[in-house]
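Input: structures, listed below.
Here chain A shows up in two complexes: once beside chain B, once beside chain C.
On to the complex of A and B.
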C-alpha cells in the first residue's frame, strides 16, 4: 500500500422525500419551511398521511384543527391518518 | 407735604421753650427781631484798565505757549486772572478773544504746509509735529482757561476750548484741500510701502490717523480713499499671483495678507475700518478667485493629502460668501473623479477594495482634520462614494465580498482580532454605498460556504461578527440563509459526534477511516452540481453506513453526496518516509489508484473514477504539475493530454510532514462568476415580479409610467427599464394583469 486514507471529510445535502415540490397547504417549497417558521429542518418537519400526501407538519395540524368533524386530507378528501413509516 | 408742615410746627414750638428758659430777660416771645442783609453801599471798583491788563497778560501767556516759550507769569496767577475775568462778566469776550487768537495761530501753522513742496515723508513728520504741538498747546491753554471751560462754555453750549482747537485745526486742513490730500496721500503711500514689505514709522501713522479721527475727517478724507487703494492693490495682486503662484503658496500668501491687515487695524487704523478692510481683502484675494483656486489647486491638495494647506483653504473659504459651498461641490467632484478611476478600470480589480478603503480613510481624515467635520462635507463625501461606486454594476460588490473572504480566511495571520474587526467595520461602510447588495450576498455566500466546508475560516468570532454587521445593515431577511449555513455546521458537528459513538459501539469491521460529514440544508447553500463519481468499495461502505445512521435519526429525508466539496487526509509512503497529504476527494481517488498499479493512463483513470473530464485534468495537473509533485507525468508538460500516462513519484521529498496540495481552481472569472451573476439575476426577476404584483394589487389600475416609478422606489437594486418591461409582459402572459382595452398605456390588475 502506498496510499491510505486517514481522514475523510465529506459533504452531503439533505432533502425531504416528498412526492411534490411544494406543500399543498401553504404552497411553500418543501425545501423551505412553513410560513410560521424561519429555518427548515427538524423544527419544521414534514409529515405523511396514509394517502401518501405530505405536508408541513405545522400546516396539516392547523388544517386538522380547523376541521372539527371529518379529518380529511385536503388534497384527496380521504380520511387523514398519519403514516408513521 | 404734611411732613414739612409738621416740622415747621415743631420749629415754632421749640424756640419758645428754649427762650423761655434761658433768655427770659432780653427777648419777648411776641416780637422776634428780623435779620436783614443789605447791599454794599458802593460797588468795589476795579481799576479801569484791569480787564485789558489782565487780557494782555493772558494773551501773552497764550502766545508764549503757542511759541513754546516760557511763561512770564505763574500758572496759578493766570488761572486766577481767568476766574476773575469770568466773574466780571468778561467770559464771552474772553472766549471770543481766545478763539481768534487760536484761529490765527492755526491758520498760520497750516499755511506753512501750503507753500513748501517738501518730501512727503518730511511733510508728514512736520504735520505730525505741528499736530502734536497743537495738542500740547491746547491742553496747556485749556488748563489755564479751565474756569472758563467749566462755567461759561458749559452753560452756553458752545464748543469747549479743546473742541474749538480741533475745529479750527480741522477747518484749516479741510479748507486747504492741498494740505489735506497731501496728508492722505502721504499716509496711503506709507501704508503701501509697508504692504510692500518695507519698515515704516508706525507711530507716525498712528498719530496722524488719530489726528484725522479726532478732527472727524477720518471717514470722509481717509477711509474711502484707503479702501479704494486697498481694493486696487489687492485686485491687481490677486490677478498677478493667481497666475504666478501655485495654489498652496497663494493661499499662504492670502493668509499672511489677512493677518497683516488685521495687525494694521490693531496698530494704527481706526477699529471701525476693520470690517470693511478685511472684507475688501477677502473679496479681492479670495472671492474673485474661488473657482480658479478650486479648479487649479484642490485636486492637487487632496491627492497629495496636504492637510495643513487644506485646513487653510477651508478656513479662508469659510470667510467668503458661498466659499464653502463651492469648496464642497469641488470636493465632491474630486471624489467622484478619483473614485471612478479606482472603480472603473478592470485591470485594477485586484487592488480596488484596498484602494477604496485607503481612499475613504484619507477623505474621512480630510473632513475631520481640515473641514471641521462639517456636516455638508461628510454628507457630500457619502453621496460621492455612493455615486461612483455604483458606476460599475456588480463588480465592486463582488470584489468587496472577495476581499472580506480573503480577510476571513484561515492562514491570514496579518491582523489581530481587533484589527480585523476594525477592517470589517470599514468594509461595511463601503458596503453601505453599494446598490446591488444581492450581488454581494451571492458572492459572499459562495465564499462563506467554501470557508465553512473546508474548515478554512480564520475565526468563528469574526465570521459571526461580520454576520451580525450584515444583519444590522440589511435586516434578518438578508442574512437568514447565511445564518442557516452556520446552523447547519453546528448540527453537523453534533451528528458527527453521535456518529463517532455509534461507530465505536457497533464496531463492525469498518474501514479505518475517520469520517466527518457536513450536512447541508439545500436552500441555504449555493447550488452545487451533483457529480457521480466511483468511490473505492470501502469508501462506499463507509458512506452507506453514515447515510443509514443519518436517516435513522432524521426520517423522511434523503441524502445527496457532494463529492466536489469533500477532502481527505491521506498517508503516503515515499522513499524518504511517511507523509500526510491534505487533498481533495478527487485527488484522493486518483492517488488511491496507484496502490494497485504503477503506471496508468489518463483514460484508465477517467474510466475508473468517472470524474468529469475537465475536473479530472485539473486534478491531475495539481498532483503532477503543481508545487508538490507526488505524481510524474509522461510526457512532461503543463497541460494534461488524453494520451498522457502517470506514475507514482516515490522519490518525492518535502521538508514538511503534512503537505497541502491545492486543487487548481477553475478560472472563476468565467463560468463560476457568470453562474453567480446569473443566479442573482434570476433572484431579481422574482423580486421584480413580486413587487409588480404587490403594487398592482394595491392600485388595481395604473399607468405604465407610474408603475415604473413605484417599482424604482421599492426595488433595492439597479434595474434597466427594459428588464422591467419584460417582467410586465411576462406577468401579462401569465394573467396576473392585463392591458387596458381602451388605453394601451394602462394596466389592470387581474384578481
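On to the complex of A and C.
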C-alpha cells in the first residue's frame, strides 16, 4: 500500500521550566500569564532573580516600581538583581 | 477594583479555606462584600499565652494596589497587647507597613498576627500604657490580658477579683468598659482608678 501525505499539521506543547507552579506575586500559574495579559508565552515572559526566585516579568517590574527604596525579592528579601543567564 | 487585586484575593481565599490551619480552627477568613475588597479574619489565641481560648476578629481591607501594598488590618475584638491599641485595635507590625512583600498572603498575615500574640515587642509599642505594664509588671500584664480575653474574646479564664472591682465602679455610675480600662491601666488598684475616673 502506498500512502501519499498531502498535508500535515505539527502540534507542539511547551511549558516554562520554573522551580514553582505559580507566580508569587499574582499567584497565577506560570504556564498562564499575568493578570494584565491575554496570552501566555513570549509576550508575558518569566524572569529570574539572582536569588533564583522567578516571577512573571510584568509582576516583578510592578513590584520593583512600587518599592522606591529597597529593591528586594518579594520572596526572600535579598536585593533583587535580574539573572541574565 | 484593579484586576490583579481581586483575582489574587479570590485565589488566596480558596487557599485559606483549604489550609490546614483552618482545619485546626486556628484561623478563619470570610468575605464581607462581593467584590473582594473587605474581609473578616479570625485568629485563635495561641496556646500557653494569656490569649489562649479566645477568638479574635479582624477587619481586613484590601487596597486597590494589593499585592503591591499591604492589606489594612485592625483588631475588631478588644485586646490587651503592647503592639495593638486597646482603644482602636490598630496594629503595629512591620509586615503590615514597610516590611510588606508582594509574596505575602492573607494566610501569612493571619499567622503573623497569631505569632505577634505569642511574642510581643514592648519596645515598639502601639499602646504605651500596655507596653509599660508589660515591661514593669509582667504578671499584672498577663492577668489583665487574660481578663480581657475572657470578657471580649470568649476566653475561659474568669477572674472574679477583676469582675468584682469593675462592679464596684459600675455601682458608682461608671460605664463597664471605661471602668475596665481605668483598672487595667492602674494595675487593678481600685483607689487609683477611682481617683483617675473622678478627677
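Before moving on, here are some points about what is shown:
We adopt the following convention: the second predicted complex is superposed on the first by the 74 of 85 C-alpha atoms of A that agree within 3 Å, B and C clash if a C-alpha of one lies under 4 Å from a C-alpha of the other, contacts with A are read in each partner's own complex, and residues count from 1 in each chain.
Rule of thumb we're sticking to: a residue touches a chain if its C-beta (ideal position, glycine included) is under 8 Å from a C-beta of that chain, and two chains touch if they have at least 3 such contacts.
Note that the structure is predicted; figures quoted are calculated from it, not measured.
Touch criterion met: A:31 reaches chain B, while chain C stays clear of it.
Counting residues of chain A touched by each partner, chain B versus chain C, the larger count belongs to B.
Once chain A of one complex is fitted onto chain A of the other, the partner contacts of A:66 are limited to chain C, with no touch recorded for chain B.
Contacts of A:15 after superposition on the shared chain: chain B is touched, whereas chain C is not. When the shared chain is aligned, no partner comes close enough to touch A:44: not chain B, not chain C.
Legend: residue contacts after superposition of the two complexes on their common chain; A:5 is shown touching chain B, with no touch to chain C.
Contact residues of chain B toward chain A in the complex are 453, 455, 480, 483-484, 487, 491, 511-523, 525, 528, 539, 542-543, 546-547, 550, 554-563, 565-573, 580, 585, 588, 591-592, 594-595, 648, 650. Of all residues in chain A, those touching chain B in their complex are 1-18, 29, 31-32, 38-42, 45-48, 85.
By the touch criterion given at the top, residues 3-4, 7-8, 11-12, 15, 65, 67-69, 101-105 of chain C touch chain A in their complex. Against chain C, the residues of chain A that register as touching in their complex are 24-28, 34-36, 59, 62-63, 66, 72, 74-75, 77.
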